[in-house]
Amino acid sequence: MLLAALREEVLEANLDLVRRGLVLSTFGNASGVDRKEGLIVIKPSGVAYKAMKPGDLVVTDLQGKVMEGTLRPSSDLPTHAALYRAFPSIGGIAHTHSEYATAWAQARRAIPCLGTTHADYFHGPIPVTEVMAEDEIVGEYEANTGAAIVRTFENLDAMSIPAVLVANHAPFAWGRDPRKAAETAWMLESVARMAYLTMSINPQASDIAKTLHDRHFLRKHGEKAYYGQMRPKE
Amino acid sequence: MLLAALREEVLEANLDLVRRGLVLSTFGNASGVDRKEGLIVIKPSGVAYKAMKPGDLVVTDLQGKVMEGTLRPSSDLPTHAALYRAFPSIGGIAHTHSEYATAWAQARRAIPCLGTTHADYFHGPIPVTEVMAEDEIVGEYEANTGAAIVRTFENLDAMSIPAVLVANHAPFAWGRDPRKAAETAWMLESVARMAYLTMSINPQASDIAKTLHDRHFLRKHGEKAYYGQMRPKE
Amino acid sequence: MLLAALREEVLEANLDLVRRGLVLSTFGNASGVDRKEGLIVIKPSGVAYKAMKPGDLVVTDLQGKVMEGTLRPSSDLPTHAALYRAFPSIGGIAHTHSEYATAWAQARRAIPCLGTTHADYFHGPIPVTEVMAEDEIVGEYEANTGAAIVRTFENLDAMSIPAVLVANHAPFAWGRDPRKAAETAWMLESVARMAYLTMSINPQASDIAKTLHDRHFLRKHGEKAYYGQMRPKE
Amino acid sequence: MLLAALREEVLEANLDLVRRGLVLSTFGNASGVDRKEGLIVIKPSGVAYKAMKPGDLVVTDLQGKVMEGTLRPSSDLPTHAALYRAFPSIGGIAHTHSEYATAWAQARRAIPCLGTTHADYFHGPIPVTEVMAEDEIVGEYEANTGAAIVRTFENLDAMSIPAVLVANHAPFAWGRDPRKAAETAWMLESVARMAYLTMSINPQASDIAKTLHDRHFLRKHGEKAYYGQMRPKE
């Protein structure tokens, strides 16, 4: 069986999404990539989480061609593959329909950075993609969803802002590996929820100052990080 | 005992409603129909869910006449019976007082289709019935509730939009069998909740494009479905 | 020990409030009355719910004079006693700081009757007391809280609308016995929550028609009730 | 090992924060102070709560210099230390990212006193600090956060209003010991949540009268307290 360790990791990332209440029914999937082999491991489509075993996961190449597995891969595979091709530093992706992040996506509004909780994880507002054109929807819809995300990051760093809202759909989050991607999806939901509450209390609430944002993000990331027990590499 | 298997299924559908937090106290009921026999199986009125046994369920004909059972059927039986007579493809009905769907019903607002989660399950906004007239309320109230729902679907397909909001009351959902009806009641609540959040973030949020709606609905339903592990028939 | 059975019932009613998530920390108390003996049984003040035993409850007369018990009674006792004296049909009272009902009380807004869930339990909007005057607060505050509630019901029937919001404070609910009072406190919270959601969706949402209100209330209460398994006496 | 008993107490206070759902991931920390020894006990930085042992806690002096411990202290230590130096009556501090209190902090709005639940715990609105200046953020950020809190209390009594919202960040709460600080952080979240709901129902809702505020606060605190089973000293 190809990529036994990565399969375990991807399975755990999928279960993390469930344990954290981020998936609704079977809406949600996590994947991981082996950069050396050029292979993706992804959840099968529409399968119940609790019965899933490492061997049920599907292995594909970076174009989304199935290399191993008897089940059909998640229908969102072409979106995952597009992100792996466009963002070479990412090792895992998580897609959920978590409630508050999905509400921001449905509202077609970027999530402003209103506080340090946001700044600790995301170095800027969470962007929202443009609404897709008719021909993009009728054509290779899931691949075009990936392309819409990639366009959104033309002037943004995907590792500093590791999440996006797909307009009228839901969020995607990513990270250096599948479990980090699932953790980011969780933090995104918390940030989305607190931004919702904040804007309800004060509709004029605005993004925090860049200095404060930098301070918090760099407290946890980069060369001079001083949060936690180790000098983090992430 | 008539319809032993359907009784089990209806009991499980009722318990699904409880497990998913969709019923408040004893407000809520699920039923199923045996089309060949022309018989309905429904929850008894005002009985605690956890003590309920298959034999406690009540069997009636399509006019709501009790054929088997010592307990009184749910007081909403005439509504269920009216739907079974009007919508020949449905096999199960679930009625809940789930919070967000009930709030939309109380607000007398249809739930707009703001995203793909909604589009995956419902091929259009969730309609709301007209407010019932004085004489409809004073007369055969529960049967008239059914008639109000049926009128709401005069130009809609009940299998593509398998739920409705009864104005000032609460939702009804249905499907090909009782458990599918309970699942739809659950998805309706999720969709109602996300629509609530979305409209709070952006009061101008509007229905998604028809192309996107079709794409998502038809990804899961109909001839060309490609979601899940089998070509679904549903 | 006086009133052993009523003590058990009052203890269970207090625990019902906790089990249903209606009390915050030690804010909340339930009591019961023995009309023949003219005695009240009430929770002691500021005691942890899970360690409470029937013998910890305090027995007082209808003026609030302690007849049995070594612990101090709930500081809200004078409010309970005032209600028992003014409303001769009630047998139990529950006071909570449940979140949504308390928010309506803090907003000094009556809860409008927006749907049948409300109508099933309360035959009209849930009223809110007037703000208390300086001298009422400085004086016998808890007794005056009772007096403010009684004034609010001058033209209302306490058994048809078995709950009230004390302005800037929190709700009181009651019923024919302590456990029914606790159940009513629970339904009040649900109704308060759904009214909150409804008004957020549609700020113009308005009270349901009297005919519909009567139909639902009388389906469950009074001579012609037809909900549940027995002709209810409640 | 220094301060064995206080370590246990601080550990329990940290776990109280988790049990009450007030911390998000590893965001949150509680500390305690031994006034006689002039030593602080605080949670280590970025360590998982469930694996934490008393020996993992870090002991520092009131300037934040580590006196015992192999792990790095919470990065918020300089804030805690500043508060212990400025407020000589407090014995414990709890910092959380609890959702509603954080939303008020992000909205840069003080929490008004809208009801008696608030008045029972806090003798006035919960203040919010000023936004910190560029040089305060670039410099000794965490110490300057402490200084900003202390400035906010120039004309307020820290023991009567035992909590603050740090603008664009999150709340800090305190009390006579670590567990009381954790309890106050919990009550703050409840008060923040109910204030949120109240302002949504009635945007014109306003602070309660001073007489009522005093009555409730003094019912629980001070010489003439009459709530609970003992004349409380707190």
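Letters A, B, C and D mark the chains in the order given here, with residues in each chain numbered from 1 onward.
Throughout what follows, a contact is a pair of C-beta atoms (placed from the backbone, for glycine too) under 8 Å apart; a residue touches a chain by one contact, two chains touch by 3 or more.
Nothing here was measured: the structure is a model prediction, and the numbers come from that model.
Trainee: Work out the mean Cα position per chain and let me know which chain is farthest from subunit B.
Mentor: D
Trainee: Same or different: do the copies subunit C and subunit D touch each other through matching residue numbers, with over half of them shared?
Mentor: Looking at both copies, the contact residues mostly diverge.
Trainee: In whole angstrom, how far does the Cα centroid of subunit A sit from the Cα centroid of subunit B?
Mentor: Those two chain centres are 33 Å apart.
Trainee: Could you state the distance in Å from the CA-based centre of subunit B to that of subunit D?
Mentor: 47
Trainee: If a residue has to touch 2 or more other chains to count, which residues of subunit D qualify?
Mentor: Residue numbers touching two or more other chains: 200.
Trainee: In graph terms, with chains as vertices and touches as edges, which category applies: line, ring, star, complete, or other?
Mentor: Graph shape, chains as nodes and touching pairs as edges: a ring.
Trainee: Could you list each pair of chains that touch one another?
Mentor: The list of touching pairs comes to A-B, A-D, B-C, C-D.
Trainee: If we count contacts the way the header does, which residues on subunit A are in touch with subunit B in the complex?
Mentor: Subunit A residues touching subunit B: 24-25, 27, 44-47, 71-72, 75, 97, 99-100, 102-109, 131-132, 134, 137-138, 141, 168-170, 196, 199-200.
Trainee: Within the complex, which stretch of subunit D touches subunit C?
Mentor: 114-117, 120, 183, 186-187, 190, 193-195, 197-198, 200-202, 205, 208-209, 211-212, 215, 219, 226-229
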